[in-house]
Amino acid sequence: MIDLIRIHTGDIIFNILIILVKTAVVFGVAMLHVAYATYFERKIIGHMQVRLGPMRVGYHGLLQPIADGVKAFFKEDIIPLNADKPVFIIAPLIAMFATISSLAVIPFFDGFVIADINVGILFLLAMSSLGAYGIVMAGWASNSKFSFLGGLRSSAQVVSYEIAMGLSLVGIMLMAGSLNLTEIVKAQQQYWHGMFLVPQFLAFFIFTVGAFAETNRTPFDLPEAESELVAGYFVEYSGMRFAFFFLAEYVGMIVMSSISVICFWGGWTLPPIIVNTFPFLGEIPGIIIFLLKVYCYLFLFYWVRATLPRYRYDQLMSLGWKVLIPLALLNIVATSLIKFFF
Amino acid sequence: MNTVELFFAYFAVSMTLLSVLIISVKNPVHSILLMLVLFFHIAALYLFLNAEFLAAVQVILYAGAILVLFLFVIMMLNLKEELMSHRFINEWPIGLALGLSIIVFIFFALDKFNPNYKGTYTIEAIKAETNTKAIGKILYTEYLLPFEIASLILLIAIVGAIVMAKKEK
Amino acid sequence: MTKTKDALRQRELTINMGPQHPATHGVLRLVLEIDGETVIKCTPYVGYLHRGTEKLCENRTYLSAMPLMDRLDYISSMANDVGYCVAVERLLGIEPPERAKFIRTMMCEMTRISSHILWLGTHALDIGAMTVFLYSFREREWIMDLFEMVCGARLTVSFPRIGGIRNDVSQEFLDSLYKFAEEFPSRIIEYETLIDQNRIWLQRTKGIGVISAEEAVNWGFTGPTLRGSGVDYDVRKYMPYDAYEQVDFDVPVGKEGDVYDRYRCRMEEMRQSVRIIKQCIEKLPKGPIMTPDAPKFTLPPKDKVLKDMEAMIHHFVMLTKGPLTAPVGEIYSSTEVPKGELGFYIVSDGSGRPYRMRLRSPSFVHVSALPRLCVGSLVADVIANIGTIDVVLGECDR
Amino acid sequence: MNPLSIAQTIQDKFPKEVKEIVEFRKQVSVIIQRDRAKEILAFLYFNKDFNFDYLVDLCGVDYMGQKKPRFEVVYNLFSMKHRHFFRVRVEVDEDTQDAPDNLSVDTVTDIWRGADWHERECFDLFGIRFKGHPDLRRILMPEDWEGYPLRKDYPLKSDLGDMEWQEYKDLIEFSEKAKQYEVR
């Protein structure tokens, strides 16, 4: 069948078709994950907080995300009178597409990646920094002081934490000798533990903190700090545009989890030491292992949200600049020295 | 005209248009947005030259960091007054003269432009070694001194910024 | 160019926090002038919930003014009621019986716990710790159920009466209250494990909103807000009312006078409240619940009203005209409600209605000091400061 | 310190100003004239034996038709150090044609910072002005409100008609206008 299509269409168009199919699959699966990430967040945090979470729509609220989606879709779309209309409309789209396009370079299992580019890590960093535009623009265009403050906070926060996060990944690049994400996963298989998490624990810590800050999650949810800025940058948004921001945040979380899994947890592979002892584990499809790891990391996001208070703006900045960036630099120096001498 | 040339033509034309728009649009925030689009076009051009690393850095640094800081500053301004004022400063003839003279310079220099020049790093060599490695190598061997000088200049700029910010208090 | 320069120079941003804002706990409105994130000017505006309670009281009998007191600090209505009853009793010169005193004390402390729990939950929520909020509401629900057991109402109770209490408590209630008192300290530990050692919590609360002891007294702070600064002033100790003289408890005080110390004070106060509740249950004497020696001032028991003509007339007169023989004079009486010192200044002209009823509410004083606490700190600290003074706008605006 | 002896000390020091010493239910108050009220209060604050560092409460009382100086400003004082309580009542009369500044007292905000809002409230509800107050505006009532609600001649409830508060009238008008958008 596939060959038949190939013969009839020619190579270039066939490749484009394949990419389109892949994109559709990734997009669909990711959207489903986003929907149920919200569901599980509410459920998990609910149970951590001695309550039940959504229970009404479907069995144990299982259809709640769909109901929410339908509701957001049909809600009235309000654009404030004095808002900068084009920017106001573009902002959520930028936020969403910046994060969704990150999914293009993530290898979900061996050989399955939409665009296997050589500078995969850099692409991810570039896209995550673009996400800030959506937030800053939204904050500015709403013509509301609270959202403006949220936008300001976000731009400062993203710029500073991206440095730390980028630097923390340099250690990984040095260890793997490549910026290609597939290569990075494969490089981890050389070690008995099969994860960069072990030698790069410092980088993992920095990356995790940076990932929380990049995605504006607790304890770094200052741009949307509810008790201070009401809802921060999206205070004026409603309906589908609001849902786009929501979507962007959750896709961002999934992307960050995926990067973490690929760079630190060995991607779709299990540690060789485990596979060697229990060979049957090697038969598990890579995608399952990958997703399980991503879920674990997502759980961390939820767990932290249920536990920690929020940082203050200046504390956030001093943590980023005075702790994380020096630590990341130290990590780079240490890694390169070890790599050079051994 | 083959496909590559067609793409290039598109990028060249739209980049020129975007540049003109950036300086002529009244709202500074809009012009920053246009600048963002321009940076993306530049990144795409780098991709045509097989310079993925440069393309990525272009987006990360210029779009992701520098432009956000621009935005940060411009958002602080009282834009309502800014929109009322004239977009161009009074000394525009000087600017025009400067621009024209640069065009003349380029026109005369066009002669010396050799499109077929090939250095040690041909596209094949870069592909074999990956882009990032090639840049790293060349940066830390051949161009080490300029690189260090550039970083020192940046350091001075940072120190200067801090000094200026401190004096205000 | 000059215009651009002016635009650059204009650095302050005025933001209007409230009256509808998730962190202002009601309808407090703060106009903040901020430079970046630093607050350079803070102006509180109150009065959005002004219902003219003082004016209303002047037109009601002493007894029928009581439901208004529920609605002052609506999350600790029992303490307001007790405070009001104590004030009127002092004016009339009557004493409630011992059993009523102990029950009132018990109720006051239950209110203190429920108010402090609510404060803890919302304060933690403001600072971003969401889970504490739901944990504390679990226990608050428990106390609310206990209130419901004793008087049928959960929030606006109107339970105490001038000269006693409305109805006696059952043994079943006492048992469940004792169980609560046994259980609750472990719950306090649970809250503390969530936030007490948390680095972010400490960073957000230590050294924020510092006010020295002298300054706090000068501003007129009371309650835990004052004690956090290290002033050992508690109306329960120094102008005792009800059964507070007969129970043993400590008054926790802080040292630094910052948000954290005030938080610690309230946490300790909850433990002391549990202690008082236990003692009250253990020492609860038998006897009447309404004072018998001043029938002119108190309502007759309900069963008597339905059978006895005289009692019915008395009941009717009490409710419509009030005690006809209220002495001419003026009295200031204060009680320690969860927020601080709730004072009643009553001027009586001998009629059944107060001639002038002044409510000295702690929240009003505390809100007035918000600029002192907030100026110079960051926007996020404003939230912490609003939380730490524990305002209820119903009481502030009256 | 015994409150009666405090009152006695004040009377000895300011014999002209103190009009009366009242005791009721063990609470002692002195009724003083307005002119040197602030001096007396400052004396109570700064004197080492009294040291009334805590202004518990400040409020106005309207004795319309009962007493000649119509208003009183009541200061309830407490000393954290000596734990004693005392009350000062300052008599203030209505403004008249020949004495337009009658209804005013010197502010005590420079002695007790906490007096700030109490004085504002007193001004708001009684119309008593506090000379030297840094920011004497209405506090509980809207800024463009007319009249002083806690005065005895202010009705508890009445139909004001055209005299109604402007913003309330605007609100009524607006709600009438908004009715056309109501979903039925």
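Going by the order they are written in, the chains are A, B, C and D; count residues from 1 in each one.
We adopt the following convention: a contact is a pair of C-beta atoms (placed from the backbone, for glycine too) under 8 Å apart; a residue touches a chain by one contact, two chains touch by 3 or more.
The structure presented is a predicted model; accordingly, all values stated were derived computationally and were not measured.
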| task | Starting at subunit A, figure out the least number of steps needed to reach subunit D through touching chains. | result | 2
| remark: By C-alpha centres, the chain nearest the middle of everything shown is C
| query | Of the other chains, whose C-alpha centre is the longest way from the centre of subunit A? | reply | D
| query | Measuring from the mean C-alpha position of subunit B to the mean C-alpha position of subunit C, what distance in angstrom results? | reply | 63
| field | Distance from subunit C to subunit A - Cα centre to Cα centre, in angstrom | value | 46
| query | Where the centres are mean C-alpha positions, what is the separation of subunit C from subunit D, in Å? | reply | 24
| request: Measure off the straight-line distance from the CA centroid of subunit A to the CA centroid of subunit B, and report it in whole Å. | output: 28
| query | Do you know which subunit A residues sit against two or more other chains? | reply | 148
| note | Listed in rising order, subunit C residues that touch subunit A in their complex are 13-16, 21-23, 37, 124-131, 133-135, 138, 194-195, 198, 200-201, 203-204, 378-383
| Within the complex, which stretch of subunit C touches subunit D? | 46-47, 50, 52, 54-56, 59, 90-91, 93, 214-215, 217-221, 231, 233, 238-239, 327, 329-332, 334, 341, 343, 345, 347, 349, 355-356, 358, 360, 364-365, 367-369, 372, 397-398
| field | subunit A partner contacts - residues on subunit B that touch it in the complex | value | 27, 29-30, 33, 36, 52-53, 55-57, 59-60, 63-65, 68-69, 71-72, 75-76, 130-132
| said: Give the list of subunit A residues in touch with subunit C in this complex. | reply: 45, 48-51, 145-146, 148-149, 153, 218-219, 221-222, 225-230, 305-315
| Any idea which subunit A residues touch subunit B in the complex? | 84, 86-87, 90, 117-119, 122-123, 125-126, 129-130, 132-133, 136-137, 139-140, 148, 151-152, 155-156, 158-159, 162, 166, 178-179
